[in-house]
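Below you'll find a set of structures to go through.
Below are two complexes that have chain A in common, paired first with chain B and then with chain C.
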Partner chain A sequence: MGWRLIRIYTILVYLFMFLPIAVVVLLSFNANQFGSFPMTGLSTRWFEALWNNDAIMRAFRTSIVLGLMTAVISTVLGVLASLALVRYKIPGRNLITTLLIAPILVPEVVLAVALLLFLNFLNFGKSFTLLLAGHVIFTLPFVILVVQARLVSIKRDVEEAAMSLGASPMQTFFAITLPLLMPAVAAGGLFAFTISFDDITGTLFWKPGGIETVPTQIFSMLRNSISPEINALGTVMIVLTVGLPLIGAAIARTLATRSGQ
Partner chain B sequence: MSIEQREARQPWILLTPALTAVTLLLIVPLIFIVVYSFWLKSAVGADTPGFYLDNWQEALTDPFYRDILLNTLKISAITTLACALLGYPAAYFIARSKGNKMVLLVLLMLPFWISYIIRTMSWINILGVSGALNAALIWAGIINEPIQMLYNETTVILGLVHFLLPFMVLNIFVSLDGIDTNLEDAASSLGATRWQGFLQVTLPLSLPGLAAGGLLCFVLSAGTYITPVILGGPRDAMFANLVYEAIIRQLDWPLGSALSLLLLMVLGVLVLIYNRYLGMAQLAKGLG
Partner chain C sequence: MSAVSLSNIVKRFGDYTAVHQMSLDIEEGSFVTLLGPSGCGKTTTLRMIAGLLDPTEGDITIKGKRVNDVPIHKRNLGLVFQNYALFPHKTVAENVAFGLNYRDVGKDDAKRKVAAALDLVQLPDLGGRYPKELSGGQQQRIALARAIVIEPDVLLLDEPLSALDANLREDMRVELKRIQQSIGVTTVFVTHDQTEALAMSDQIIVMSEGRVEQVGAPEDVYNTPATEFVAKFLGASNLLDARCRDVANGGIVLELPDFPAIPIPKERAPKVTGPGPVRLVIRAEKLQLKAPGTPENGCLSVDAIVETVDYQGQSARYFVRVGDHQMQAVNMIEDHPFAAGAKVALQFRARDCAALPVGSRP
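Take a look at the complex of A and B:
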């Protein structure tokens, strides 16, 4: 009896989470010219409008370039730091970990203000560089947490075996550690990309005039009213943000099983 | 250089890039805005360096700022409570279900991957004047004219709960999943009802997860900027909106610094209290 109640409650919670998202997808195929209820039929006209909207396509390119650069930098910094934290006994480990995770503990607005004002003081005004620096610092803790969790599960023995067979530390890293680490690197990079692609609060503080990312573009379009194009864009982003990690997870699993053999 | 010395230096070489980034892009900038908050805004040209208490006096005594700060804390508290009430039973169901736990968990985490702004604006499709709910009510003949259900404090909280619930569920789940189910069986074999067993065994053991989820929800909602702008009315501004106004619109950077630091200090006290009693490790568990 009690269990059934919990089950119904849980289903309602899931509905609460998914219904609004489902409505976005549903409305993006709406033929109605205002894109609202009642629906008059199915159509892909809003996706075509989206494809022909220069501002949105430009924002898409900006977001992808920014996301990729953020992912590469954050993953390199994060993987190196995680290796040090997991593989070596170092004094002051807890302090270092807290320091590296600090960007999540500081509210994003505060982080945004501090970085903007400081870099401006150094004569780096609002620019793509500032945006990139902000995204890197904001995603770094997430990469470190994800990579660290994966790293713990890789045994030291394999590396020691390689070294005892005469491999140099460099050879060991590239032939043994890195391939074993790939799932963690992929997961960290994907995480950084997704967070960067989705970020809006910091981006609004850092972006120079004229540059829009997808979220800030949506934000400025929302000021007027909710257009059906936004729903179509939402559908594309749902497919991208849900589809990409799923593909990533599948690749990571394949790599993991292959390297496990 | 001996091999030992080389070994000892290696981790620091690996840590240098990340530590440099955090120091230059977070720690030094934070110290910088502490200094900046004591400067004075000039009507024209650069702000005046010095040690003036004007910005702090304004940030701490102006009733306008105080009311919005209190309102932000109130909204965050309600959001956190709602997340706990919605999230706990769901997390319990996932942790104790005999089916595929991971599928249920990943499913609940999916919205977490979906763009925050899309999820926030999706409520306009539901509650807006031409939204699903109004269309359904008109179709059912309950109302004749659409009602405006959006742009108030309740919809801000609704948007925040929708955004933060996965964080809460994940943290509670991690805690519940680590509890030995034999403990509940032991309680019931000693004569406790299922409800007693839950209240006296499972609930206390899952409190660290509940606290970690609660802290995350509270801190994230107190710092939110977008949700009140999209789902709130003109009077539902939260503290981050004030910071944005000061920094971006009025270009009053000294005051904006003081306001940012005020928010940081209020939330910092919460994090410190949490760290004192539960430690940061629990938080890392839920995030990793």
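Take a look at the complex of A and C:
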């Protein structure tokens, strides 16, 4: 009896969480202009409309470029920072770690306003570079957390063995450390991309006029009217932000099994 | 010319001195063991030879060339770790071939060398496997193959047997010695296990608290410990306070309460120079428990009482009391072990004893 209640309760919680998403996905295939049930027919017209909407496609391209650049910069910086923090005895190591992780702990609005005011103070205006910098600051902690955890588990002995066999520190990094670090690097990069891709708070503060990312585009579209195109856009966003990490995890797992780790 | 030589090496970590003023010459082709308890500086010394640590003072030369400023990857050394340190993302063959990638070795040549190295460690068929698929003993053999395939000037082994099971450890010990002899590479072996050190080494360097206590062949170190530390660390020894009565050409004569006078040959007491207090060293296995009244046969004999018996199957460790002295003896069991409380005659030969000056330091 008790178990039955728990089961029903669990199902209700899941419905509460996922039903709105399911509705969005479902309605994106609705043939009718007005979203209501029962649906009158299936169609991909809203996806086509999306494809033909220049503003949305521009926003989409911006988001992809921004996400990729954020991922690459964050991953490179994150790996370098992790190496320094884990492999070398640098003074103030704990303080630096805390500072690097801090952006997760500070409310995003505060971070967004702070960065904006700081750059205003330095007489820099809003620009794509500022937007990129903001996203890097915001995604770097995730990369560092993931990469550091992995780096700690890679024994120093393995690197020392490689060096004793004639590999320079640089060659050792590329032949041994980086391949062993790869699952974490890939995971960190994916994190950075997806976080950047659906960030809105910081982006609203940082983006210069005329540049829209997908979330800010949706946001401004919602202010005017609720177009079914938004449902289609939402579906695309869901597929990207849920699908990418899943694919990443699957790739990481296959790589790991193949190398027998 | 010695293969490796350390002159006045000192290593400090902040205020802590890990290695004090150490000088050492390791002969070409020899198997030398750094033996000592953890924290004695043996691994620090090995890591300085490897180039993983810089000495605070002193010079390290390998094959006559000063290497203090030569980074590890240019020293041409083979290094084997306690936990194998194989590259998990590379196959066994790729692991072994790794060092050849950084040397002027052609592809076919490299293949042949890898195969030869795998043959030498008797695992010729595992080239395609990943390290995770191998047992600990197999992984350590692969690590050894990886280290010797580059024909290193010196092979450095950092407790390579410590992670293995007891039985496997003994097999690997024999195997390791065979491989070392067949290629004749100068080898520095670090261990805290005296059995390994005694069984494998041409020369043992006993270390304690960052200092060298004694350097010598296994038999010398075992039979004639130079310091109390060595006497206690290698095997089970009894150390008793005694007095040196006189020093003559052939040896010295010790006396102590409850014992007859013990004449010790000079070579077993090289550091005792004159009459005065000394420490008498008798190995536990040199003390024989006999039934009271057993003929002495040229041995010295004292009456003793068995206090505790530690039965070990083929042998037994006895804790016995002789007057005020508590001593231990390890004897093979012939029939039945002696029981606790039994009165026995404790017999030993004077030439199995050694004497040290009191509080002797190297």
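A few notes on this one:
As a working rule, the second predicted complex is superposed on the first by the 244 of 261 C-alpha atoms of A that agree within 3 Å, B and C clash if a C-alpha of one lies under 4 Å from a C-alpha of the other, contacts with A are read in each partner's own complex, and residues count from 1 in each chain.
We take it that contacts are C-beta pairs under 8 Å (C-beta built on N, C-alpha and C of every residue); 3 or more make two chains touch, one makes a residue touch a chain.
Computed from a prediction, not measured in an experiment: that's the story for all the values here.
When both complexes are superposed on chain A, chain B and chain C fit side by side without a clash.
On the chain A superposition, the C-alpha centres give an angle at chain A of 100° between chain B and chain C, rounded to a multiple of 10. Contact with chain C, but none with chain B, is seen for A:I176 once the two complexes are overlaid on the shared chain.
In the superposition on chain A, A:I200 makes contact with chain B only, not with chain C.
Once the two complexes are overlaid on the shared chain, A:M163 sits against chain C while remaining clear of chain B.
Legend: residue contacts after superposition of the two complexes on their common chain; A:K155 is shown touching chain C, with no touch to chain B.
In the superposition on chain A, A:I64 makes contact with neither chain B nor chain C. With both complexes superposed, B is the one of chain B and chain C in contact with more chain A residues.
Touch criterion met: A:L116 reaches chain B, while chain C stays clear of it.
Look at A:V72: by the touch rule set out above, it reaches neither chain B nor chain C.
Of the two partner chains placed by the overlay, neither chain B nor chain C lies in contact with A:A49.
In the superposition on chain A, contact of A:I211 is made with neither chain B nor chain C. No C-alpha atom of chain B lies closer than 6 Å to one of chain C in the superposed arrangement.
Partner chain A is touched in their complex by these residues of chain B: 10-12, 14-15, 17-19, 21-22, 25-30, 32-33, 36, 86-87, 89-90, 92-94, 107-108, 110-111, 113-119, 121-126, 128, 130-132, 134-135, 139, 162, 165-166, 194-195, 219, 222-226, 229-230, 240, 243-244, 247-248, 253, 256-257, 260-261, 263-264, 267, 271, 280, 284, 287-288. Note for the complex: chain C touches chain A at residues 50, 52, 71-79, 81, 83, 85-90, 98-99, 101-103, 129-133, 143, 146-147, 150, 156.
Every residue of chain A that touches chain B in the complex is listed here, in rising order: 2, 6-7, 9-10, 13-14, 16-21, 23-24, 27, 34, 36-38, 76-78, 80-81, 83-85, 87-88, 90, 96-111, 113-119, 121, 133-134, 136-137, 140, 142, 144-146, 148-149, 194, 197-198, 200-201, 204-205, 214-215, 218-219, 222, 226, 230-231, 233-234, 237-238, 241-242, 245. Within the complex, the chain A residues that touch chain C are 155, 157-158, 160-169, 171-172, 175-176, 179-180, 259-261.
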